[in-house]
């Protein structure tokens, strides 16, 4: 039995998901896809046998579509996820789940009303083998309790029309989710430091304090130029664990020993995306997902918004989440 | 359209292939499996919906089986592959294709007689991202011509009833194939050195000379104890390329910074096996395979046999292959 | 012509300096040493021909002593350095130059009154080849301007009677000096974060903002247990430079590939100490020193004191230095 | 008491020794130096107070010279070392001790006749911290007996008028000595392989078999272009130890993470040369040396000559050393 997947959005992420669903996932096939650019949707569907539909709602409504991936612009996420819930179809929504706290909470409530688990948020790092191994090491107990997580997140260049808050909303939000997942804690306070003379795309430093005591230090540098680079070290009572460097052969050439960086995040997290989709497809059968759920989507958005305020005000900001529904 | 895969043999390799076909490959499903141990076959089939059949010939004959994976004992490979050819079904045969030169050549001839390409040999390293990147670097030309390939192949412990020739037949044969593939050359001479006082499982050194001049140096150490470890460096005119170390987080603990080794080859080549099977499934549709073909299987066996003779006689041995049919 | 060196204090640092002066430095010899423990002083002098004197003032006064190393307890530094200035003898004072801002400024003034340069402060990292190479890379210009310096400073275990401010006064002060030296900037603001539930020796995070805009992020973890570990990465506009990992062979053994950590700072900075002393001896001849001067000692102490206040108050603290005398 | 050192030869090695003796060694000073080029000798002596003398014999005869370093052309080594022995002065002779077996044995005999130990051969790798740590690991016993030593020796470009035997005489001889020292064994057989179409400076592979059973595999590549690169891994019964990579910061820049290679051997072995000279100076006092002695010089030359014959004949060559005098 092969699951029919519909994808809304055929931009970089949507096209990537389409390629993976069509050629690398067991138990699923690409059934339908839509995009505001029909050309882009056609390109993503090519060779897969999937139909190109007029818009996201058509994808959700299509009887050949058993489950939906939302990879449309951030501002449309909430409405599309709510439509999936209304249709009773499992949905994997690219991060963020929604751009406001209110929308996130509306989704949490709407899903609860269905009595089922239908929403997964695309925080793919939870499937990255290096992060998974880091969590296994922490949970294994040899190193003792977690005290401090260092994160570095560097992109090659800022997007067109870049605003500093985007460094948090688009990039640091991944660290926020993975830190919540690793530490099993929510954050209660955020401090963000920019240099005094800094240009908008210069690096920023975030310090998050968790309820349980562990600290998280995050560098986000959206204009690092040399390559896409994500790193992390978890400091525990009796030792530390550092993310494996990404795969790469070593060249000795022209006076140096070198390994290369990619220019964007896809090679670094290619395996994570594949494993995320395979896990989601496997999970749909039993209604049990391994990925981030709607609550995680809410907590990440709420925390990121607090960090943006800390950046904009130059002051520490307290973070308070609503009580988690039981 | 999903391809029905039949697997002959449910030992370590067969069970692994069954797991991958059933849960990680797009466009295929596990249709049938057999093993001399029915218990083992049942275990490998569990949850996949595949049927357990009496023996390999039943698997090949099963109408639900579109293509066959041979993972039975080495001595049975030739007969099973010939049966697949007789049935006109694509077959992926675990290495070695066959244990004698004569059997290999019989397969090459039988396949030619079908007028189709049906045989792929399971030299999975050709799909390992690190070897693929090494070949891309060489073919890219920046480093100039290949002069020397260093290979290290270490296993944790020898198999029960280990004989020194098995270090070549089971282990070095992987290096022989990957060196042929990387360099695009056949070998003309083999020298093998063991230490004078060596126990059977002590390391041996192989030196292969290729027709085009490049040398290959291989250490095979079947009793390395500390972990499964495969490494390689290709030395070219203007630089070298070294295989990326296998994935692994870094632990700082108890006075040391460390990464772990697995105890066998499966974690190291898990991605290669998955990519090999995905490529094979994709290739069956168009009858075009990316993996090693029957001729490669012959050349690897013939070269390994020469190395065994060099080991046993203590003298350099010339290698001569039959002319490749056009 | 060999310079007679007198050492005040034969504890860990003093004994190490004695060993280096006696056996590894060209152009100098150990002339005299003192310690409150005569046994300890005798041990440090053994085999070198140096005389053991009653106290620090006797060392300074000894005609066989051409230059003095102060390695006595921190609280005595100021008085001993002032005595060296009064005697007109060059002095290398272990860090800190003095424990209060007032004492530091008194030394700066007293040295200025001699009309000569006589004081060097033992910030040995300025001679560590990795830091020297980092500065050369920055000054070379390829990477553009410095934006952010990450520092990690981990000790195995806190000293007896440890107070959190000691993590700054004893450990972070090294990062403060090396950051000033690398960036060529003074700091204007310090933020220090401890976790809410933290025990005294848990890690702390310092964020320093420099006048020119570059940020410095420092982790100090005085109880890291696994080993002594100092690391740094300088992030610039067009790339980053990371301190070379400390020397060490790689062991593959028992399931892991590992390199070892030392249990204290001496192996990590052994070469820096030797080069510091050799440079100082060479510099005395011409009255030109490469190391940190009295002003550097003042700035490091003043900045560390501000960091201690930030730690104790939980608030960002502005740092203001007096104007540098011309 | 400072030892007066005389240096014969002010080429690359001689000038380097002069610089180290004059500025980095405790207990010694540069007393005299000679070279066929007076300009070169003057340059090496500049600022040190050393006298420039007419020739090597004048250096040996100079009463201000307590001990001699021979860094003159290889062919002159034997005569100069014999002259030092005749004068009863300790001598550190750059490798090789002499270019023929007969000359080496003459030196061994002449030294024995003095009844003292006066000769040290400049195999500086014995003082390299990485090799020293490798030997300590082996001798420590955790890894069990040594089975195989892998050596890689790469130079950037061949010398003017390069002949293939020079790859052995100038380069591989270092591996021969260090392997003898690490393993504590002499070699009994050498096999050398060049590729069939190889140009003179293409890589060669040497396999040495020791009396005790351990094997040594050596790649010498005199034209590696990308940088000076020496590596080694010692494979033992229960694990392996690999030489630490040479010091170097890590640059992330322009799409790659890289560390640099030097273009010749001096940075790689700078610390070894300094430690060698400091050890030699310290050893002269007590007549006890840690470095290679005259017998080691003989064994290295005799083994290298056998390897050259193996290279030239294309056949394995048995190595037999004379009995070591007691």
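Each chain gets a letter, A, B, C and D, in the order it is written, and its residues are counted from 1.
The criterion applied here is as follows: a contact is a pair of C-beta atoms (placed from the backbone, for glycine too) under 8 Å apart; a residue touches a chain by one contact, two chains touch by 3 or more.
Owing to the predicted nature of the structure, the values given are computational and were not obtained by experimental measurement.
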From the options B-C, C-D or B-D, the pair that copies A-D, where over half of the contact pairs coincide: B-C
Most widely separated chain from chain D, with each centre as the mean of CA atoms: A
Intercentroid distance (Cα basis), chain C paired with chain A, Å: 43
Separation of chain B from chain C, taking each centre as the mean of its C-alpha atoms, in whole Å: 56
Rounded Å distance between chain A and chain B, as computed from the means of their C-alpha atoms: 37
Of all residues in chain A, the ones touching two or more other chains: 226, 238-240, 252-254, 259
Touching residues on chain B, where the partner in the complex is chain A: 2, 22-28, 129-130, 133-134, 137, 142-143, 238-244, 247-254, 259, 271, 278, 282
Residues of chain A defined as touching chain D within the complex: 226-227, 229, 252-261, 263
Touching residues (chain side chain A, partner chain C) in the complex: 147-148, 150, 188, 191, 193, 195-198, 202-203, 205, 207, 209-215, 217, 219, 221, 224-226, 235, 237-240
